[in-house]
Amino acid sequence: MQQLVVGIIGPRNATPEQIEAAEALGAAFGALGLTVICGGRSGVMEAACKGTHRAGGLPIGILPGTDPQEANAYVAVPLTTGLNEARNIIIVRAARVLVAVGNSPGTLTEVAYGLHFNKPVIGVADAAQLEGVQHTPDAAAAAEAALSRLLMSLPVIQAD
Amino acid sequence: MQQLVVGIIGPRNATPEQIEAAEALGAAFGALGLTVICGGRSGVMEAACKGTHRAGGLPIGILPGTDPQEANAYVAVPLTTGLNEARNIIIVRAARVLVAVGNSPGTLTEVAYGLHFNKPVIGVADAAQLEGVQHTPDAAAAAEAALSRLLMSLPVIQAD
Amino acid sequence: MQQLVVGIIGPRNATPEQIEAAEALGAAFGALGLTVICGGRSGVMEAACKGTHRAGGLPIGILPGTDPQEANAYVAVPLTTGLNEARNIIIVRAARVLVAVGNSPGTLTEVAYGLHFNKPVIGVADAAQLEGVQHTPDAAAAAEAALSRLLMSLPVIQAD
Amino acid sequence: MQQLVVGIIGPRNATPEQIEAAEALGAAFGALGLTVICGGRSGVMEAACKGTHRAGGLPIGILPGTDPQEANAYVAVPLTTGLNEARNIIIVRAARVLVAVGNSPGTLTEVAYGLHFNKPVIGVADAAQLEGVQHTPDAAAAAEAALSRLLMSLPVIQAD
């Protein structure tokens, strides 16, 4: 059975609040057995992997370079791409739902691709203020929104 | 001698004001013999190619698909990539300066990549309101700003 | 702890011998808890995922399109890329060792990238006859060669 | 009117015979006003650009990195991609016909992609011995074969 892939995106230079939110989101998704995909580096990405890992989920890191050692310590499956920042689009393509924790130019490329592809994009902890991003006040609300949007997006659950 | 590559980005669904601005920008760059790179499709992209072509410049279209026929009628060099929307990053990487004419989720991915790579990003005609985008009131001002930033970015002209 | 990623590559139109070899290879790698990466489609890819899945390993499919439904039934983690055939390079980049089961133009792009990046490339069941590919007579020999090359490639095991 | 794009591919470490063939091919295509696309680096790529440039054609270099200075001296339009070796597929996608001058693992990725996409692939000067590659004895024969295949591929010229 296919695992469901959820993306957590955010900057390497993250605030304590963003680190905390990313770890809580990873833990919430990991506890449900979801696969969490991210950029595999430090900051929000590391916190997301840490939370996912500790909760028993599968953290996958889509890495810009060619060396699996560039992954943070909590990435279970390091996927080196050698595509540099073009790897961002893969994170967005592979995720059914995206949660943006904070913002940065790199994160913004992912948020914009998410909106471009009509993927649900949830925002928390100073995520980009863009039309189409569903902003939430904290990690718990972001996790709930993400799961709700994930369920809504699954073919079998669509209402008639 | 290498040609200088400038990028014009913007939506397919463009307003008359944006179409006019894109064509004027293409004409301004084309008259200087610059190479104009864009996504090669309709709307802002087509207007940019039209202006560039009519002014004697070289309009290059970086196409998402695999068929050169998907290029607009003014693209001189159609470069099919088969990368779908991942071709956006190539436009940004290849351009020394970007001018955003209007906005859309796809355009926003390019603006965000431009800021991410510290490229000059000029905005006109309702471009994205982001920190780092240099907004200008009209196409003439946008062209002037782009050329100024282009000159500043060339190694030989940097002040000491 | 990072999982070790091994790639199995081969054509969609596969012979019964190739299907059997791919499934045996997936089973050999899966039984060791390895992550098996492949293109996620039918033929050799499906057989590799089937073997990996049944042996308890993690089969990851790097998909050319944007719909996780294009994955075969044994892919645990479908990673849609939207990059079309450019996704081939990601399989090669992410794998520490590649096993080519049979050949086709698409498979050959992966074998050639593997050689280009100095990755170990093992061949079985009519894989490409190229200098640098380590040919083996059957799936058991291919699995043994792949594991040996994998061990040799790990930093901690390198002889001094 | 769209320019016709032809690709010349081959190794950086090239023999004198391959350098000569690449330059002659670039000159043959350039004299016809064709756009020649290549990887933009040294060896076969530089010779192809040199021939194209001297004959008045347009040599475009699809570069792996992010700095236009990595282009050889004869590239007219340097298109930096930042995609590293994944840029190879763009050369293949954008070319209507490919001529392989010599061989190497990197060149082989391009030849294999060309065959995969059913593009005409002409070989000269020790190009890869693969089914589907049309081998020719020298640059003049390779140019003639490439032009013939190019003409055959154009929609307007297809026989009924």
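Read from first to last, the chains carry the letters A, B, C and D; within each, the first residue is number 1.
FYI, contacts are C-beta pairs under 8 Å (C-beta built on N, C-alpha and C of every residue); 3 or more make two chains touch, one makes a residue touch a chain.
Listed by chain with UniProt protein names: A, B, C, D = TIGR00725 family protein.
Every value quoted in this text rests on a predicted model; they were computed, and no experiment measured them.
J.: By CA centroid distance, what chain is farthest from chain C?
T.: B
J.: More than half overlap in residue numbers between the two sides of the chain A-chain D interface, or less? Answer same or different.
T.: Same residues, largely: of all residue numbers at this interface, over half are found in both copies.
J.: I'd like the Å distance between the centres of chain B and chain D, where a centre is the mean of that chain's Cα atoms.
T.: From the centre of chain B to the centre of chain D is 27 Å.
J.: Could you put a whole-Å number on the gap between the CA centroids of chain B and chain C?
T.: 40
J.: Between chain A and chain B, what distance separates the C-alpha centroids? Give it in angstrom.
T.: So the centroids are 30 Å from each other.
J.: Would you pick out the residues of chain D that each touch at least 2 other chains?
T.: 66, 82-83, 85-86, 89, 117
J.: Can you tell me which positions in chain D touch chain C when the two form their complex?
T.: Per the stated touch rule, the residues are 85-86, 89, 104-106, 108-109, 111-113, 115-117, 130, 132.
J.: List the residues on chain A that touch chain D in their complex, please.
T.: Of all residues in chain A, those touching chain D are 66, 82-86.
J.: Can you tell me which positions in chain C touch chain A when the two form their complex?
T.: 1-3, 5, 35, 37, 58, 60, 66, 68, 71, 75-83, 89-90, 93-94, 96, 117
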